[in-house]
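Note that chain A is present in both complexes that follow, paired respectively with chain B and with chain C.
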Partner chain A sequence: MDTSVFKEFTTNINTVDKLNELLTDASEAETTSFASSAKHLSASIKGKVSKKFEEIIRNLEARNELPKSPEDRSKFFEGLKEYLQKLPRISLELAFNPTEKFVNKISNFLKEGSDSTPILDIQVKPNILAGTTIEKDGVFKDYSYTTRLDQILKQKYSQRTNENV
Partner chain B sequence: MFQIVLISSLIINVITLIILFAFYQSQKRVLDVSPFIRNIHKLRGMTAKKEEKILREAVEKSKSTVDATLTELEGVESLSEEAKHDLQKQTQELVQQIISKDSEVFQNIIKDITEAYKIELQNLNNLQKEEYSKLFSSSKALLEIEIANLSQEVARISTEGKAKVEAELSAYKQKVKTDLDQRVFSVLSDVAKETIGQSIDINKHEELVMKALQKAKNERFI
Partner chain C sequence: MKTFEEYLRENGEVGHIQSIIQSIVYISGLPKVKPKELVITETGIKGIVQGIEEELVEVLLLSPDKASIGERVARTNDNLKIPVSASFSGRIVNPLGEPIDGSGPIMGEKEERSVFQKALGIKDRVKISDQLDTGVSLVDVMIPLGKGQRELIMGDQKTGKTTFLLQIMTQQAKKNTLCIYVGIGKRSQDAKNVEEYLRKMGVFENCLIVFASSADPASLVFLAPYTGMTMAEYFRDTGRDVLIVLDDLTNHAKFYREISLLSKRMPARESYPGDIFHVHAALLERAGRIKKGDTSVSISALPVIETVQGDLTGYIPTNTMAMTDGHILFDASEYKKGRRPAVNVSLSVTRVGNQTQSQLEHKIRRALVERLNLYKKAQELAHFGFDLPLKTRTDLNVGERLEAVFDQESHTIVPKPAALILLGLVLHDYWASKSIDQVRVERTKLVEAFNKGLFKNIEASFSKVADLVSLDNLIKENEDLFGKVLYSNILTTSKIKEQVERGQK
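== the complex of A and B ==
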């Protein structure tokens, strides 16, 4: 299946929360595809999905890029869900609650020089002090300041302890 | 440590008591002077008999002398009072002489007996001294060996106990120090994190995150 059409759905989808909303919309559209005999799916899903999703469907219908039969539409959305679930993900831990603007900044930074936009799974962990931890493809790296602070404290503390001995 | 010292002290006391009891038993055997006592009693008995015999002989002699004199006097009833007085005086002097003479003999015998006593007692004394000396030497040597052994044993136990206690103390001190270090470090870390965390504003936070991401990108991790 040509997945290029799916990229339109992922525009501005850069977090797990947004991805989950999109997956929910895709599931709703898939279900509606069977239940509705309406010519335009966008009309059937109106109010049931996000405006953004409805708008994308409407645009696909206008360009005749959305299958017309319920079965084919169902397969289309099934393919969309598979595509979304396979998007690269990066888990980040931040010490503060980031604004959407800052999340977008991170997303854009990660997108630079890359073919796809990674989906950010951001957890707020004040105990990391500052910086971030990153987990990608099962590999974890700590770029937070808590480890650095512990290292500095241990160094300073052991120095002082040794001086006192 | 206290228990080791207490046990060691008890061991020393028990061993000392055993040695003293052994010393007392051997001393009792060596100092059995009943034969000498019996000899002395025998000598005393002999002396008393001799003394009694001498006095009896003296009295008998004086008595027979006076009797003989009076017998002679019965033949001379007409003897004047002055002559009787002289005769009694002579008789008394004679008795006195006999008693004195017997007394001298008695004194000599007493002297001999006393010498015998002295010799016996001296022998006893020498024997006692010799036995005492032997006993004391052997006991002293035994005691010295026992005390030396005991001292070595106590020293060994004490050294081992001391080393063990020192090792345990050292390990305990190290554990306490490690625990304390860990607790102090933990508190220090928590306070530092809270203080530093609160002192970082949102712009600084964002800057530090971007720096971290840049580092990860430079490392080709993302």
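== the complex of A and C ==
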């Protein structure tokens, strides 16, 4: 299946929350494909999905890129969900609740040099004090302040112990 | 052991559990994980990497705690290690080295050893030359075992295999050999029975039980013999001889089959995994006799295989026969006849035990093989019911007395010198005119006297005895001592013996 059409759905999708909303919309649209006999899917899903999703479906219908039969539409949305699940994800732990602007800034930074926007899974953990931990494709990097503080304290303690000895 | 967070920071890799099938989990992530590496979950559950696929890692979880989907997993960059120390002697532990006998933690400094060790090579090994005294006269004389030998114990269930093994453990523990009993997928009551037997015999302090019950996860049962062997290697490296009993490898194979089928590995013969031979062979290769400075130390292994209706041609029995230095077959028909131990001597084999025997023992064994064969033929003739010639009656007489001497109760240990003397008495017809019950009574008295040390002089003279004639002379020289123990004059018996000889002429 040609996945280039799916990229339209993922513009401005940069967090797990937004991704989950999009997945919910795709599931709703898939269900409606079978339930509705209306020619235009966009009319059937109006009010049931987000406005942006509805607009994308309308644009696809206008360009004749959305399949017409319910079975084909179902396959289309299955393919969309599969594509969305496979988007690269990066988990971040932050000590504060980031604003939309901050998230977009990080997203744009990570997008540089990559052909797709990674999906950020942000968790708020105040106990890291500052900094962040990053996890991507099984690799874990700890840039949190807590760890750094631990290292400094351990160093000081071992120095003091050696001096006493 | 470090925590999950510490390992996560140290190794910089994380995985997430994607699916769980009983003890097996599939994890995404962990890009540089290695086979057989130990991993740890957020909740502290340990697991061993079994397989690595393109996107998922297959891990066998060890702890009975339940993992959950999405739980994070970190690498430890190490293999599974268990604690070992001399303080483990006299304790019962699980395959992770944790005490389960209710006697508190195992104190003292411990060493960590990897469970999956490679066996030592040829250059470290030494020829097996010392006999492993089993305390069971039938085995010591007819199927001798050597220190460092791997001898398979085979037979149907309820044929006395475990009792026999406990007798060997008792005899060896009395000689300061460290004895390890590994219970693999057994009932908890079985472990208790083993502990009670060894405590009753006063040797539990020189023993160690590694136990995984049938209720434990398959991963722990699979691990049990490896833990036992690792502990055996530790004690061997401290300079002690070790005896390890693996009871039983049939169960081990079944649990490994369960794990492999759950991992969706292609089943081979009888649905066992294709590498079942390697798994057992690599384990048993870790036993043996090795150089240690100017001397040598050994791990003698007694793996147990349970057969079904005496079928020796099964997959696992034939596999283990091929990888061991002989086998002792426990026969259900011998058991039903009342023989204890119910060993079928003609179908049992020892490949290296013969080189450990002295000249006298060789000669006695040859004489016994001849007499037992004659006894078998005489028994077949006796079935016809007609009058038997004198020679056949004599063969029956000797055979019955040999059986009476070889029969041994579960709590009786017969030292080897005692066994040789008893057999010498039979072969020289000292018991020819006595009833079987009298023979049994006198046998018991003589064994007790040996165990009390009353025959120390005879034991000391054994080195000068090289054949059956000199054995006979040794018995006659000590007739007073025999008289004291048996309350009868052995020379009187020898007069009867002369009468029998005249009658034969």
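Just so we're on the same page, the second predicted complex is superposed on the first by the 159 of 165 C-alpha atoms of A that agree within 3 Å, B and C clash if a C-alpha of one lies under 4 Å from a C-alpha of the other, contacts with A are read in each partner's own complex, and residues count from 1 in each chain.
Everything below uses one rule, namely that a residue touches a chain if its C-beta (ideal position, glycine included) is under 8 Å from a C-beta of that chain, and two chains touch if they have at least 3 such contacts.
Just so it is clear, the structure is predicted and the values come from calculations on it, not from any experiment.
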item	value
Joint occupancy of chain A by chain B and chain C, clash or fit	fit
From chain A, separation angle of chain B and chain C (C-alpha centres, steps of 10 degrees)	40
Per-residue contact with chain A, leading partner among chain C and chain B	B
First, second, both or neither for A:94, with chain B first and chain C second	first
Touching partner for A:26 - first (chain B), second (chain C), both, neither	neither
Which superposed partner A:60 touches (first chain B, second chain C, both, neither)	neither
Contacts of A:131 with chain B and chain C, given as first, second, both or neither	first
Chain B versus chain C as contact partner of A:122, first or second or both or neither	neither
Touched partner set for A:141, first chain B, second chain C, both or neither	both
Three-chain overlay, closest Cα atoms of chain B and chain C, distance in Å	11
Doubly contacted residues of chain A, that is, touched by chain B and again by chain C	139, 141
Parts of chain C lying in touch with chain A, wherever the complex brings them together	8-9, 12-15, 28-31, 74
Of chain A, residues touching chain B in the complex	90, 94-96, 98, 102, 105-106, 109-110, 118, 126-127, 129-132, 134, 136, 139, 141, 143-146, 149-150, 153-154, 157, 161
List of chain A residues in touch with chain C within their complex	135, 137-142, 147
Chain A partner contacts - residues on chain B that touch it in the complex	181, 184-185, 188-189, 192-193, 196-197, 200, 202, 204-206, 208-213, 215-217, 219, 221-222
